[in-house]
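One chain, chain A, appears in both complexes that follow, with chain B as partner in the first and chain C in the second.
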Partner chain A sequence: MSININELTNSRDTVNRWMERFGVRFGVYKHGVFNEQLFPFDSVPRIIKHSDWEYLESGLKQRVTALNMFLWDIYHDKNIIKDGVVPEEFVYSSKGYMPECEGISPQGKIYSHISGIDLVEGKDDKWYVLEDNLRIPSGASYPMIARNVSRKVSPSTFASNAIADNRDYANLLRDMMDDMNDNRGIAVIYTPGRYNSAFFEHSYLAEKTGATLAYPGDLFVENDVVYYAGMFHEKTRVGCIYRRISDEYMDPMVFESSSLLGIPNIMQAYKAGNVALINGIGNGVADDKGIYYFVPKMVKYYLGEESILQNAPTYLPYFKEDYDYVIANIDKLVIKDVSEAGGYGVVFGSELSPEKLEELKQLVIKEPRRWIAQEVVEFKDLEIIEGEELVWRKADLRAFVVSSSKDVRVWRSGLTRFSRNPDSYVVNSSQGGGFKDTWVALED
Partner chain B sequence: MVKSFIISASKANQLYWLGRYQERVYMTLHQFRKCYDQMIDGKPEDYQAFWDKLDVANCYSSNEDFTLGMLYDENNPSSILSALNRAMDNAILLREDIFTETLSYIELSISLMKKCKLENKVDITLLQYITDWSLAFWGSAEQRIYNSRILAIMMIGRHVEYLDMMMRYNYDFKRISLGYKMLKKYLKELPASVDSNIASQLDALLTEEAFDLSNDEYKQKLIKYINQMMRI
Partner chain C sequence: MRRYLYCYNTIVSFSEPIGNHEFLIRCLPVLGEYMSVEEEHLVLPPDYWKHHGTDTFNNRIVYGGNREPHSALAYVSTGIISMHPYRINNDSLPFSIWLQPTHLTTIISSFSFPPSLLDDTKLAEMSLMEKAESIMHNVNSYLSYVPFSTDVETTAQEVVESRQGVCQDFSHLMIAICRIQGIPARYACGFVEGTGETHAWVEVYDAHQNCWVGFDPTHDIRIEYGYVKLAHGRDAADCPVSRGQYNGFTNQQTQINVILKEV
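Right after this comes the complex of A and B.
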C-alpha cells in the first residue's frame, strides 16, 4: 500500500465539503431536541490486509450463520436450551425475546439478513468481537458515499492501491432483497421518518437499491397481504420490507399499542409468509449482551466447528465463578448493562470513584443477570487527522454481513468509527465520534 | 428489484410543495433583485411596493432591514432562506425519487445563505449562485427523474408558484398564458388531481379579452383559483 498522508490530509476538508453537499448527516436528540449534524470523516483509511480479511470473512460468515441457526432454534425447537448450552433464563428474560414470534418461519430460515458485527483489533494483533447487532444495524452508507467522494477528490490514491470497491453494498442488499421478495411485490425500505437518527441512510439506501422509501401511513395490511397505498386509493403489493423501525413499534396490534409508526396487522402477514421482514422480528434475543457470551458455544453446537472469531474475554456474573471474579476485579473491568445500546450503559471500573464503584458493585449483586463484564481490550489505535497533525485514537470496525437463502456475503469494507477524545474507548457517533473508510486490500 | 410506480398521498404532497418552494426561491430572488436595484438610488421606503404584493403585513422599517429580512429571516415565510428551508423539508424526504445530486443544489444554496447570514453579509452578486443552483436543480430533476408522474407533480407545483408570483407582480398576459399552458401540459399526466370546475373557470378568466390585473377582484380570483386547481 502506498498512501500519501499529505494528500489525504489535504483532501479531508474537500471530502467533508462534498459530504455536506450530499447531506451526509445523522440526527441526535439532546434534551429532547432533534439536531442534525455532519458525521466527521477522517480521510486516513483503516487498511485491512488481504490475509486478515480472509480470516475475518470466514469468521464473520461462520458467526452469523450460527446466530441465524440460534434464532430459528429459539423460536422453534429450543434444542440449545434443552441441551443445556444456553440457560433458558438468558433467553426468556432477554428484552429482545419476542414470544409473539414463536413458530414463525421466515424464508430460508434467515432472521438476520443484515448483521453488523462490531470488532476491534487488539494490540496483540488479534481481532475481537465486541458486539453483534442483528436488529437494525446502521452505518454502511457512510463509507459507501465517502469512498465515492474520495475517489473523485484523490484519484491517484486509488490508482496506486489495489483495494476492494465498497460501492457494491447496494447490490448486495438488492440481491438479498430480491431473494427474500420472491417476486411477490415491490421492495420497500420502511423508515420512521426524517427525525430518526439514521434517516440519511434510509433514504440513501433506498436511492441506491431502487427500493421504495415508505413512511408510516404508506403501508397497510388487507387479508394478510401488505400493500403500498397510492394517492388515488390504488394499491400495490409489497413483497419485502427492509424495516428501520424497532420491533416493539412495528405492529400496534401485537406490540406497543400506542405506536403510530407501525403497520397494523403486519405480524399476521409475516406469519402467513406473505411478506419478508428484513431483519426479522425478535432478533434482539440473539444480540443481547448476555447472549453474546454464548456465541462461540453456538458455533460449536450448530456447526460442529471451533469459533474462528474470538469474543473479548467476558464474564457473566450469573455464573458463580464469574460473579466472584467480577466482584473482586470490578475496578479493572468494563461493565455493561445488557439492556442498553449505542454506547450507553458502558462503564469502565477504572474511571469510577470509590463511591460510584461501590454503587455499581451493589447493582451487580442485586441483579447479576443484568450485567456482563469484560476485560479491557487494548485496541490498536488508528491515526486520525486533528487540525494539521496526525494523532492516535481508539477505533472499532463494524463489519456488515448480508444473508439470504442462497448465501452469506460479507461486505468488503465496513464502518470504522473512532473516538474524538484521547483515551476514550467510546466510538459511537451519538457520542461525538467520527468515521473512516475501511479498505480491504486485494492482495498482501 | 421491483419498484412502485404508485405515488403515495404524502409523497405527492411533498413533491408538489418541493416544486412550489423551489420556484418561490427563484422568483423571489428575481423580484428581489429588481427591488434591490431600485433601492440603490431610490427612496427609503421603496421596498414597500415589493412587500405589498405578497399580501402580508409589513414587518420592516427600512430598505436595509427589509434586505436582510428578505434574504435571511427564517421567521419570515417569504424570505429566501425560509423558502429554501421549506424546499429542503420536502426534498429530504424524496431523495430516492429526485436523487442525491438534485437534492445537493438545495443543500448548497442553504449552506451559502447560512454562511452569509452568519456574516450579516449582503452581496447581491453571491445570490447569482442561488439562481444558478435553482436552475441546476430543475435541470437535474428533468434529467434524472424517470417516473413521469413524479416529475409532473413537481412541475405542477413549480408552475402554480410561477403563475401565483407572476399574477402578484402584474406580469403581462403573454407571460401568464404561456405559464398556464405549461401547467396544463403537466396536469394532463394527473387528470384525476385537477378540480375540473376550477380549471374551466380559469380557462374563462385567462383570455386576452378578460385579462385585467389592475382589477383587484379579478386578480384575487385568479390567484385563488390557481392555488386551488390541483387537489393534492
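Right after this comes the complex of A and C.
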C-alpha cells in the first residue's frame, strides 16, 4: 500500500489551530496552580501495517482477557495465589488491592472495561508492552478529534489512503455501556469537574457517546439504586457509570471519608448489582507495576496459551536471582518505583551520578519489593516535524481495548505520544510530550 | 458464658436544616464470633431510607439517607447479648492483609525504637502470644493516656513521637509493632463497661490455637469478657461507628451515650 500524506503534514498548523479552538487541552497542577495546556499535535501519522495490527489485536485481546480473569480470581477464589503463580505479597501489598471488593461480583466478570495498554515498537521490529493501565486510562479523545479535524482539513488524504476509520470509538464505548447498563437506566460519564486534567476528554466522550455528563452532586443513592438528580429535582435511574474519578474518592462512606467528589453509598448499590461501574473498583491491583511482571504467566495460567505480546525484559528484585542481577547492573537498567504513577518514579540508571546511583542501590537493598527493573528497550523512533525539518523522536502507543460481557474489541487506532526532548524516553503528556494520530492500514 | 445489656444512642443535631444526608453506621454487635444475640432493637428515624448489610470485614452495617431538609439524626441500638470468652475462629479474608501496614499504622523504617518499646533480642525467645503481650505492656508504659491529645487522623508514627494519645492511638501503635514483628493484628472497636463512650482495642492472631485473641493496650490487659465488639478492620478508618455526609452550612452537635452492664 502506498501512502501519501504530504497534504496533511503541510497542514499541521491548521489542525492545531482547529483543536485549540475546540478546547483540546489537558490540565496540569504544578505547585498548587492549575494550568491548561494544549496537547501539541504532530501531523505525520504513525502508520501500523495491517499484518502488525492483526498481531497486536490478537495479543491485546488475549492480554486483557487474562487481566480480567486475574481480577475476578483475586477477589474470589484466589487460585492463582494458591497455585503459587503470583506470590501473595505482590497482591495484598499493592495499593490497588481493595479488600472492600472481596466477594463483589461485577456483571460479566469484567473489571477493566476500558484498558489502555502502553506499547513500544523496538528497533528489533518487535512490540513490547511497557505497562497496562486499567484504572482510568485516558487519551482516546485526542486521536479521535485529531482525525476528525484532519479529515476536514485534508479530505483527499483520507479518500486516497486505505486506513481504518477511528471515529467509531464512541460506538465501541456505547455498545459496551449498553451491555453493562442492561436497560436499567441511563448511562452517565461521571467527571470530577472542569479542573480535572482530562476534562476535555470527559465532555467529548459524553457528547460522542450520547451519555449524560454528570458532576459531583448530580448522582445519589436511594435504596441501593443510583439516580441522576435533574435540574427540576426529578429522579432518573442510572444503570451504568463510566466514572473518571479514582477508587478512593468514589464512596466517602467506605473509602476516603473527606471526599466530596464521591457518591455516598454507591458501593452498596454496586454490591447489590444495581449499577455497573466502568471501570470496576479495585482493578488497580492488576496494573500495579509489580504485577506487570506476572502478566505473561497469567495468560498461560488462565488461557493455557503462550502470551502473544511480550513484556519488556523485567526483573523483580524480590526474587534472589533477579536481585543479584539488578544490583550488579543497576547502571544499565530502568528502575521503577511500583508505588508511584505518572512517570515521576521512573529512573534510568545510566543518567545518575555515582552518588545517586549508590543511593538508589541502597533503596533497592532496603525494600526490594518496592522496585522493578527493566532493560532499556531501544524504541524505534518516529518522524516528527520540528520547525521546518523532520526529526526523529521516541514514541509509544497506547492501545485501547474495550471489554463487555459479550466480547473484547480493540480500537483500530490509539494514542501515539512522543517525547519532544531528543534524549528522553519519557513520553507522558504531563511531562510536555506531544501526540500523533495512529493509522491502521487496511491492507499490507 | 455471661450476659450483658448494652444501650448505645447518638443524637446529631444541626443548627440549620441540612439536606442530601447519607450515613453509614456500625452500631450492632458482631455476630458469629464470641457473642450471640438474645434480644436487639435498633431505632432509626422514620424519614430516612435505610438498609442493613455487612461490610467486607463482616461487620454489620446500617446505611441510608434523607435528601429532604431536616435538623437531626438520632438512633438507638440496644439489646442483650450472651458472651463467650474472647476467641474468634473465623475470618474470610486473606491472611496477608493483617500484616500490611496501613496509612494509620505505618512507622517509617528509619525510626529507631527505644528498647523499652521494642527490643528484638528479647522478643526473639518468646512465643507468639508472649510477644504480643510484651508489645502490649511496652506500648502501655511508653504512651500516656491524654484525652483530646490526638484526633481520628493521627498516625502511629505521630504517636510514637509525641508519646501520648487515646485508646485508638494505643491500638494503632500496638498493631504497627505487631505487624513489623510478623504477627497478624487488627483493630477492633466497641463498648466496655463504665466508660460511657466507645473504646478501641487490638486482636492478634494466635497461630497455635488458630484463633484471634483480644488485647487492650490502653488498660494493659488480655481480654476475656466484657468487650462488645461492633467492628474490626485493618485500622480505625475501616471501622468508624458512624460516617455521614450532607449539604448545609450548619453547626453540628453530636451526643453519644454508651451503657454496658453485666446482667
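Operating definition for what follows: the second predicted complex is superposed on the first by the 436 of 444 C-alpha atoms of A that agree within 3 Å, B and C clash if a C-alpha of one lies under 4 Å from a C-alpha of the other, contacts with A are read in each partner's own complex, and residues count from 1 in each chain.
Heads up, the rule we're going with is that a residue touches a chain if its C-beta (ideal position, glycine included) is under 8 Å from a C-beta of that chain, and two chains touch if they have at least 3 such contacts.
Since the structure is predicted, the reported quantities are computational estimates derived from the model, not experimental observations.
> Put chain B and chain C onto chain A via the superposition and say whether they clash or fit.
fit
> Quick check for you: in the superposed arrangement, does A:186 touch first (chain B), second (chain C), both or neither?
first
> Could you say whether A:4 touches chain B, chain C, both of them, or neither, answering first, second, both or neither?
Neither chain B nor chain C is touched by A:4.
> Looking at A:221, would you say it contacts chain B, chain C, both, or neither? Reply first, second, both or neither.
second
> With both complexes overlaid on chain A, does A:78 touch chain B (first), chain C (second), both or neither?
second
> In the superposed arrangement, does A:194 touch chain B (first), chain C (second), both or neither?
Only chain B is touched by A:194; chain C is not.
> More residues of chain A are touched by which chain, chain B or chain C?
B
> Determine how wide the angle is at the CA centre of chain A between the CA centres of chain C and chain B, giving a multiple of 10 degrees.
About 90 degrees between chain B and chain C, seen from chain A.
> Who does A:160 touch here: chain B (first), chain C (second), both, or neither?
Touch partners of A:160: none, neither chain B nor chain C.
> Identify the partner contact of A:51: answer first if only chain B is touched, second if only chain C is, both if each is, neither if none is.
A:51: touches no partner chain.
> Minimum Cα separation, chain B versus chain C, post-superposition (Å)?
So the smallest C-alpha to C-alpha spacing between these two chains is 13 Å.
> I'd like to check the shared interface: which positions of chain A are touched by both chain B and chain C across the two complexes?
The answer is residues 217 of chain A.
> Residue numbers of chain B touching chain A in their complex, please.
Answer in residue numbers: 1-4, 6-12, 92-93, 95-96, 99-100, 103-104, 107-108, 111, 192-193, 232.
> Note which residues of chain C are touching chain A in the complex, please.
Counting only chain C, the residues touching chain A are 20, 22-24, 49, 51, 53, 55-57, 63-65, 67, 92-94, 96-97, 100, 109, 234, 237, 240, 243-245, 247.
> Touching residues of chain A toward chain C in the complex: what are they?
Touch residues, chain A against chain C: 78, 81, 88-89, 91-93, 99-103, 217, 220-224, 252-254, 257, 260, 264-265, 268, 271, 366-367.
> Can you list the chain A residues touching chain B in their complex?
Residue positions touching the partner: 20-23, 174, 177-178, 181, 183, 185-188, 193-194, 199, 203-204, 206-207, 209-215, 217-218, 228-232, 234-236, 239.
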